[in-house]
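Structures given as structure tokens follow.
Both complexes below contain chain A, partnered by chain B and then by chain C.
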Partner chain A sequence: MSIEEQYRTRAKELLSGGAVKMVIGYGKGTTPSRRRPLFITSPDDVERLMLDDACITNLSGYLVSEGLLSDEKRVAVFLRPEGIRAVNILAAESQLDAEQIVIFGFDVSGNEVQALKGIHVEEFSDVIRSIKEGAPEADEEELFEKIEKMSPQERFSFWQEEFAKCIKCYACRQACPMCYCRRCIVDSNQPQWINTSSHSLGNFEWNIVRAFHLSGRCVECGNCDRACPVNIPLRLINHRMAEEVLGAFDHFAGMSKTQEPVLASFKKDDSETFIL
Partner chain B sequence: MTKILFSDKLDKCVERWKSAGLTVIGPVQRTNISTYAAVDHAAELEFGLVLPDRSIKDLFFPQSEPMLRYTIKKESINTEECLPPAGPRIIFGARPCDASGMAIDDPLFGWDYKDEYWFQRRNESVIVTIACTKADDFCMCTSLEMSPDSTKGSDILLRPLAGNKGWQVDELTDRGREAFRTIADFLHESSEPLAPSAVVENKFDLDACVTWLKNPENFESRFWKEISMRCIGCASCTYLCPTCHCFDIQDEGDTYTGIRRKNWDSCSFALFTMHTSGHNPRSTQSARWRQRIMHKFNYFPGKFSVNSCSGCGRCSRQCPVDMGITETLQEISKLSL
Partner chain C sequence: MAKIGVFICHCGENIGAKVDCTRLAAAMGEHPGVAVSVEYKYFCSDPGQESVKRAIRENNLTGVVVAACSPRMHEATFRKACAEAGLNPYLCEIANIREQCSWVHTDNGQATEKAMDITRSMVEKVKRNNKLQPIEVPVTRRALVIGGGIAGIQAALDIANAGQEVVLVEREPSLGGHMAQLSETFPTLDCSQCIMTPRMVEAAQHPKIRLLTYSEIESVDGYIGNFSVRVRMKSRYVDIDKCTGCGDCITKCPAKKISSEFDCGLGKRTAIYTPFAQSVPNIPVIDKANCIYFKNGKCKICSKTCQCDAIDFAMPDTFVDLEIGAIVVATGFQVQNNSMYGEYGYGTYPDVINGLQFERLASASGPTAGKIQRPSDGAEPQTVVFIQCAGSRDPSKGVRYCSKICCMYTAKHAMLYAHKVHGGKTHIFYMDIRAAGKGYDEFSRRAIEEDEAAYLRGRVSKVWQENGKLMVRGVDTLLGRPVEIAADMVVLATAIISQPDAKEFAKTIGIGYDEYGFYNEAHLKLRPVESSTAGVFLAGACQSPKDIPDSVAQASATASKVLALFSKEMLEREPVVATNNEATCAGCWGCVLACPYNAIEQKDILDRSGRVIKRVASVNPGLCQGCGTCVTFCRSNSLDLAGFTEKQIFAEVMGL
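And then the complex of A and B:
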């Protein structure tokens, strides 16, 4: 039985037994290569669930949709390892109760889908550890290497050009499971911290503030990068920040549901006298 | 016999228009993005795109526009109005769905208050549209009573000749004729075979959709919630859309000196309708998505007798969660069977 079929069967069982009220997965998209988020609440609809190498979107952000988990019922969700890490962070940051989340874990290598064993988030710690230890994939990207080699001035002009394309559509924020703030800093206007205008300064402010807010929290799922309609390579920023945090604090975001948030915790014996 | 512009003459035309004081703008492919931008040479223009990622709207209604500068002193308040940079321009190689998008928005920007920013740019621009010879899965002009060679909003329509040799010139307006008079010596009178037009299948029954939307009973239909569950509420669809036109006015600076700007805004955002009291009349994403559809296919045509959609498909093409106008109208078509 394919993993797709196994997971359909499991979804059917969970829904018919009332163990979960909803399964968040992937369904057929507009074109043969597209998959779209799908919300299944009836056991009769599980056949619509799909699982293949085109299932890329990190669906964990839907778990914190307003009101979804407030009835304390369980919700099942299809997640890749990055999505599972995101659930850990959401739990660590008190955005959800991990007990309510039933995971249909999977990973894709080449175009082969593999099932990940486990149901609850804590059962995937080995998978997450092996990712932490494995070579970071994005390093292989030529562009990343190229930027690393640039002088600060060259790097600044690279990002200046990229951010000039930004239209402040906030698709990056909306697509990000970690951007759950009910009122984002750019939407606060008393005082207005960040310019709302999408001019060079406003675009810089926005992208830099987001990079900071995601440091140590980003799981490099790529949702923001894929969502950006003007194709700003946001993955490069995320990856750089993740490396920075790993190097400085040995912090790999989303290791466990009790992991301390790296930039929101401090130790009395910290060697630094200043906290950002 | 018709007027023909051969491709190899285009660079000369660009030069001629430039020396006549026109800024020449057209489709270009930049790093990771295609858009309409000013060019110096014909070689910079990219005619192979189905359509640019960014719409032509940017040229008439930019994402952030200065309106006035202010200085407040003890005894005086000084304001200095900012108007768009003046100067005639020719947009060479627009797509029919982009050109018609601008015509769709004309009545909106002119009905109660004449938006100078919009009309100054409109009056100073010649739109030369190239009919489409290829379409993708998301193009849907034909579902909206338009076609790959619609003339709406264009001053000139160019029909591609077979073998990429050039274009047949259809002059549509005086403004177009005037711009082409300056390059008259580069045009030929002959009859050349045309490249076949793009085929865009009809995707939904527009009339059925409009009837369904107009029925007040459907305003509270469960349909809205179901169709928009995966919508994440970004502004990708509205900002890429040639006809979406909502904006916000913001003051930047401090109490004493600053600049007032007109910035794009989007009905997809929760903040769009948030009251200062904290109450939000469109408190759910489904109410916001319903607004977008209702506005385009019910309220806007109710006021201006035209749908606020030109069928470019950008909303569906770029949506991070594979939603869009097409799917919604297809589903509504099914509901109204």
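And then the complex of A and C:
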């Protein structure tokens, strides 16, 4: 039985037994190579669930939809390892109770789909640890390496060019599971710290603030990057921040559901003694 | 409509010589919203303040900017003046055009331009200032004194004698600290224990002092006037209420060969023990690590001996929770272990000892009953070499600072030795003789002139054993030649360093410390006994190396600070505290973790039926210190700081 079929069967069992009230997964998209999020509440609909190498969107952001989990019932969700890390962060930041989340874990290598064993986030800690340990992966893309080699001036003009394309549609924010604030800082206009018009100052402010807000939290699922209608390589900024945080604080986002946020916590044995 | 008054101070020549105040006043007068813009030679003077008050009344000003020195100097002065003129004091701001402008620039034109920017930016801020009311918090009139050495005892007695409650916590089994270990004290040579023990007894018997010995601070929460402190009372295994202090258990205890901490390893003690004969309280403790019963499960001789059934091997640690208004930290010091000087042979040759060990040898209560005997064979040393600065003023192996007391105690040691061993010879290697203090120089002269201490200015390079003697090779730099002395004993004037757990403890109570682990005072000259945390004061050698007179003086100073705090029923606090916009708060709790004062709590917002509809952060204004850490952390921009709101800061930046 393929993993897709196994998971359909499991979804059917969970829904018909009432163990979960909803399964969030992937269904048919607008083209054969695309998948779109699917929300099913009836066991009769499980046949619409799909699982293949085109299932790339991180679905964890839907879990914090307003009111979804407030009845304390469980919700099942299809997640890749990045998605599982995102659930850990959302739990650590009190946005959800990890006990309510039933995970259909999977990973894709090449075009091969593998099932990840486990139901709750804590059962995937080995998977996450192995990703952390293998973090400086060989598949770092060419563009990233190219930017790393640039002088600060060159890098600045590279990003200036990229950000010039930004139309401030905030699709990156909407797609990001970490951007759960009900009022984003960019919508705060008393005072208006971030310029909302699409000129280079405002565009820089927005993208830098977002990168900062994601540092130590981004799981590099790529949702923002794929959502960007003007193809700004947002993944590179977040990847760079993740590397910084890992190097400076040994912090790998989403290790556990009790992980403290890197920018809000300090350890008493910190080698920097100025931190009281 | 804003009516801002701008008052530009010349500060004599301090500002006036660099900043064209007339031009500045004219420019500010043109700025929108400014009703009055005037200059004056000294606004902090009485007529200056009067003119500010008059301007507020005559023009119905809605805000005041004083362009002058740093707000640390006169913000309080001008805020008070505004309040006297009927303006909310928090509508007054200082534009710092002295420290941040005139003092640091050479070009008059540019300095004036910068002064305009700074002042304009403050005008823009003050337009958005809100009236704030000081926060009043009650004061718990009970002091906690941590450390039962001379500093702690003095502070506790002074506070208690003024009628306020004190809890005195000491981690050792007895009060006394280092002073109880000393023989005689400089510069009067009175017996340390003779002057110390009456204070110990007085503290223990004082009706206003609650004494917790063999106890350690577990946690400190809260803030000035309202600390909650948890104290761990370590198990003595002896019931303090039943024990009469007869000492039979100590006599009978078969584990007798334990090195005595009080005698710095020169004497022995039993497993059930009091540190010294005059211990306060005179209740023994069982040293679990060395007790035969705890090691082998058999013995209990003490328990069998005890006639009042006071020994309880199952006694657990207990905890005491205290509500405290002010804390005096008097946790003292330790002496550095000299083994880093391999060339001096400390730790290798038994007759190379440190100054504190010499104190025990010279003390009547010490292991030799006050006879100077060398540790190796008990013989009376005929020649003793003292090495000063063994660790102090030595950046390469020891510490950079001067330990302050060693010059004096070495002179004292030489005297005590001369008084006890007639005909004995002393040689003292020194770098400088630092004898500043009442009667101090006279004292060290007396050691040289009357008690024939031979001072040699120079360092010792090596100590080795030869034919039963300790050979000391050094240099006499005044004569410019090497010296070799055959000594019977060598005494090292060891550096004073902070307690081994000083840094860890500072973190527990939330005070700052320097690179050596000594606690930081709020201002070295003007606030020497206050820590940077309000309501926590520093006494004795935990702040820096100190002798007894200095420690006692500082302890009394902390007592006066505590009493001043306790003289009020309510404490006024700056209303500069964070507030949270519950509508936009995302409830991520990052601020709860980021807050160094534990001032942010989680709050449930309930609907009418009591169901939780939202969880948000809530700032306790009593605990908040207004540091702004949470504001910078908050991703949704929900937290804001009164007095420094985002609107104000933004206007200030845009005003530049």
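Heads up, the rule we're going with is that the second predicted complex is superposed on the first by the 261 of 276 C-alpha atoms of A that agree within 3 Å, B and C clash if a C-alpha of one lies under 4 Å from a C-alpha of the other, contacts with A are read in each partner's own complex, and residues count from 1 in each chain.
We adopt the following convention: contacts are C-beta pairs under 8 Å (C-beta built on N, C-alpha and C of every residue); 3 or more make two chains touch, one makes a residue touch a chain.
Model, not experiment: these values are computed from the prediction.
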item	value
Superposed partners chain B and chain C on chain A - clash or fit	fit
First (chain B), second (chain C), both or neither touched by A:Tyr180	second
Superposition-derived comparison: chain B or chain C, residues of chain A touched	B
Which superposed partner A:Ser109 touches (first chain B, second chain C, both, neither)	neither
Partner chain in contact with A:Pro37 - chain B first, chain C second, else both or neither	first
Partner chain(s) touched by A:Gln153 [first = chain B, second = chain C, both, neither]	neither
Contacts of A:Pro261 with chain B and chain C, given as first, second, both or neither	second
Partner chain(s) touched by A:Ile167 [first = chain B, second = chain C, both, neither]	first
Shortest span in Å between Cα atoms of chain B and of chain C, once chain A is used as the common reference	5
Chain B and chain C footprints on chain A, overlapping residues	none
Chain A residues within the chain B interface of the complex	29-31, 34-39, 57, 61-62, 161, 165, 167-171, 173-175, 187, 195-199, 202, 223, 226-227, 229-233
Complex contact set, residues of chain A against chain C	93-95, 180-185, 188, 190-191, 193, 213, 260-261, 263-265, 268, 273, 276
Chain B residues touching chain A - in the complex, by the definition given at the top	31-33, 53-54, 63-64, 137-138, 229-230, 232-236, 238-240, 248, 250, 252, 261, 263-264, 266, 269, 271, 316, 318, 320-324, 326-327
Chain A-touching residues of chain C, taken from the complex the two chains share	503-504, 506-507, 510, 512, 515, 583-584, 586-591, 593-594, 596, 615, 633, 635-638, 646-647, 650-651
